[in-house]
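In what follows, structures are represented as structure tokens.
Okay, so chain A shows up in both of these, paired with chain B first and chain C after.
After this line comes the complex of A and B, so read on.
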């Protein structure tokens, strides 16, 4: 698989993962200062999932996301500077400051939105995939959802609908072990150790991969997306991963084992694993990755500075954008 | 004289014309064609009451039967519409909104605002309302006020075949999410309907008749009830204006207000109860803005605050009738 990725591909994927990590770590810092409004749910630790999947997608392909949506946005090509301004609630934000962290969307990029409702994405992406199928343009729909949302009826209904209508759709389960503070061991006993087993019961191919291994996600997602593009119907892809922060910023995380995150950061970080594998295989040089790190640091710094300096939405924006016409 | 067709055929015709005009129009729902997966011929049902019968043979790729999964397929109608299609999702009975409300209430309605004006979601949801069939509490409600309360949704409630065709065509062409409520007691109502394509603008009331004494506002089947009452009152020399708003979001406030300014008296007839509902809404805005024009307290003729009952005698008492409307009108003249 690594051989199929050109050096350019590898560097682009690494850059995306680094952008997500740097963006989220910085939002964590800024939020702690009390300068950011609202609720924020961070994606650090899960980067290999969003990037491993989205590296196969183009702007015609649609994705829908979750509360924890920043990573999917960045992976799908949404402008990072606009995203930061959106999280600050500023006029220059991706959604003009009217959506915020939980509602960032960029339909031109095929990003149908982060979502404040757990389990809202699967039906929407089923619709996107239905549109793809009717237009016969080879595009696909990908829905990202967590182990929490995997228990929502919308998810089960959408799996059934996707199989019934043979939709070009991929269900990407980000199993990070916790639905808010509730362990997946408690909330997802139906099936077996892997939630993907449930999907197999609906009659679609389902695989479980190490979600911290970019190459494993990339390979499995590639097969699923290729099958969907060729009319082979939906696939379920479970990626086991871990989030580095709380469910939301401010979560004391008393439910987690001591050192869980510390150990994961040291031994199971998707960026470190990617770098080690790619450098060891002689596909990229460490210095190239370090140069990306530096670039991304500067980009996120610029995003924060611009977001801080940007104006709040004009008061007239309160009343606009409810309807196209009314 | 134009030909006369039934309300349900007017709806069917509107869908066919829009599907023929625009390839992005699709129809999905439970049994919208029927017999999916059987060895028998498709188009077995055309919807539970046959409203969409005959559409599948014309557009087999775009009439899509779904499993009984309202969350999934109403959500899919919303999602497809956000991706360039114009989906018509059929939610068989409006009572079933409870199993898919999020996809309308939090998703379709809010995309445009949350996404800073960049989303266009031209979805139309067709759904049945209305009591009168002993269908009881879960198949007889008229819950359009719940939808009208949500910024971002439009609520359309036709009262006759002509309006049904023109308003549904307007909904399908409209770039916002529209919920189109079809009163099941009106399906067999006949009326003049031109064969050609036409639309009726959303947010434009119909003045059914004009009279100087009292303004009656009524929707859907209640327009017939109001008309019946007005006829009886006319014999007593009481002249009524009847306004059918046709859409309650957007609402043609101007037409209602200018009539109430003339008559000074208002009666709202509704098949939904009056708690935080359409009738209260109209009375509230008139009380606030036209208080000095009023000659009497506005009256509401609505069902009691109870679920729709099953037994025929109870249901008959539940639904507003002409006698109750006449009494309310007389009260404004006391």
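After this line comes the complex of A and C, so read on.
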């Protein structure tokens, strides 16, 4: 892991986080306007997790995501313009407009896919990590999953498999406090709401970090990924964070304290914290971050315009990409 | 007991739910304490204190399940095993799941007049408590990673010792020790303290807080340094041990291994023994500002990065002798035993006869 992040590193990380935030906030607006088909689950508020982890990855490394997958896609390098078109269900989308929000995948970028099934990612990444191990190419597999998925049998089986086979795999638990509408204080209570405690029982290193602090996630993920690349086996990384929107768009969120999101946006925003720390330390200029903000805003606007203008998938594509021959 | 009825006596427990989970579990062989284990420890503390006549325990509320599980254990222990528990009082305070919880809890405990505060956590947790506990003595128990300040101690016995001091059966003055502290001020504002070690590092952000990369450490200041310590104070402890009760500390300037005055291998985290180069070391006298060479970086207090400072900031570090009081558990138990306080006929044991019978295989003589 790099001892210190360069200015270039910092600006790239900030841009990724800003891209996720702008993208999600715009999807929120477009969904409310009724212009988007299907269902969306937004990642705003959790940017530091995806970016803090993916900044250590390359295209050979594979990740699997969740129903809340836009942030992971962007952090892993999937084209934002193509993603927007995909969510619009257009031919120019990342998956030809046939996957939509919950099935965006880009194997060239090592993004194995968002996934509508809770807890589906861990076994997929266990397989990818096994492939990495057999190929001996130094790549790793990273699975992002939530506190709700942490209770799924697929997750426990995958943790057991990863430890048994010493897979180069990192379990990144995004503990955003709610399994759909159920508080983690109730849903994940096996002796503790600190779910990392459970993973430790499987015999792998398990740590808990502030998931709203890019630097904390970056440091811990860097150590975990480096360890996996060197053959040190799996690691469990619990990142405590908060989603700013509902479980899905349209969720009335009656299960949350009234000012929870308002307070988090004001006092614990990952982007604000990143900017404050980097600027105060003299590592970047505030003006440089503002320039990125403007740039990203224009990029997202372009993505929406292009998505709106793009054609629908052709009927002839209906049966393509359904099955794959190996 | 010395003039106190059992109803008067309350003792506070700070059990940090976050201790034992930091990045050192990943980069070294550090062990971790689960919430379930912390609950067991608090349970044993409560039973030990109740046995010595403590009637009420003030607890810091938490959202991690420590208090919730403890209340279940109390109900089950009382009903199924016939255990005798003190009253458990939850402090009326908001819970933010951050260091401010510990601060608030200690302030509440001080206001409510607890006689002793038992702390479960690492050096960092004890540091937070020390900032706000005033003259209330602490029983310092380790559940953290790189701990030099608190000790591993069986909780039942630690609870009994806390009870002996809290009830006045053993005078505070006989078994407590005053600790040193390192104070740090940034730009002439007194900001914080460290109980064991204060380090200046190359880090430009707080990040995951814990310090584990030796190449980033530029200067180490210690209140004391034991050769058998774990953590950054071990570097000083192996170079030039300084006892906990001495009147001075130590300041080390580091350099790359192989350069400077000496290079030694120090256990800076469990299982992590690394070469450390020492350019210079100096005794620190109380109240005298230390001479610093690092102009920007992060300030690590008792193993955790807490502040970032920049070129142009005015940084002051000095040693004080007015740190928290800690109870020597071993000495407390030894004195109480010498004075016959554990005899079933001793008035010190303010326990019901049914409890005494249940705890002793021999029918007590009254």
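Just so it is clear, the second predicted complex is superposed on the first by the 317 of 326 C-alpha atoms of A that agree within 3 Å, B and C clash if a C-alpha of one lies under 4 Å from a C-alpha of the other, contacts with A are read in each partner's own complex, and residues count from 1 in each chain.
Keep this in mind: a residue touches a chain if its C-beta (ideal position, glycine included) is under 8 Å from a C-beta of that chain, and two chains touch if they have at least 3 such contacts.
Note that the structure is a prediction, hence the values are computed from the model and not measured.
Under the clash rule set out above, the superposition-derived model of chain A with chain B and chain C shows the two partners fitting side by side. Applying the stated contact rule after C-alpha superposition, one finds that A:223 touches chain C and leaves chain B untouched. Of the two partner chains, chain C is the only one touched by A:185; chain B is not.
In the superposition on chain A, A:319 contacts neither chain B nor chain C. In the superposition on chain A, contact of A:283 is made with chain C only, not with chain B. Shared-chain residue A:103: touches chain B; no touch with chain C.
Comparing chain B with chain C, more residues of chain A are touched by B.
After the chain A superposition, the centres of chain B and chain C are separated by 120° when viewed from the C-alpha centre of chain A, nearest 10.
Using the contact criterion defined above for the overlaid structures, shared-chain residue A:252 touches neither chain B nor chain C, since it reaches no partner. Of all Cα pairs spanning chain B and chain C in the superposition, the closest are 24 Å apart. Residue ranges on chain A touching chain B, taken from their complex, read 62, 64, 93-99, 103, 105-108, 112-113, 115-117, 120, 122-128, 130-132, 134-135, 141, 153-154, 157-158, 160-161, 164-165, 320-326. Partner chain A is touched in their complex by these residues of chain C: 17-18, 21-23, 25-27, 32, 34-36, 63-65, 69, 202, 204-209, 213, 215-216, 308, 310-311. Against chain C, in their complex, chain A makes its touches with residues 3-4, 185, 189, 191-194, 196-197, 200, 205-210, 213, 215-216, 218-220, 223-224, 227, 235, 277-278, 280-283.
The touching residues of chain B, counted against chain A in their complex, run 26, 28, 61-62, 64, 66-67, 69, 71-85, 87, 102-103, 106-107, 110-120, 151-152, 154, 174-176, 203, 250.
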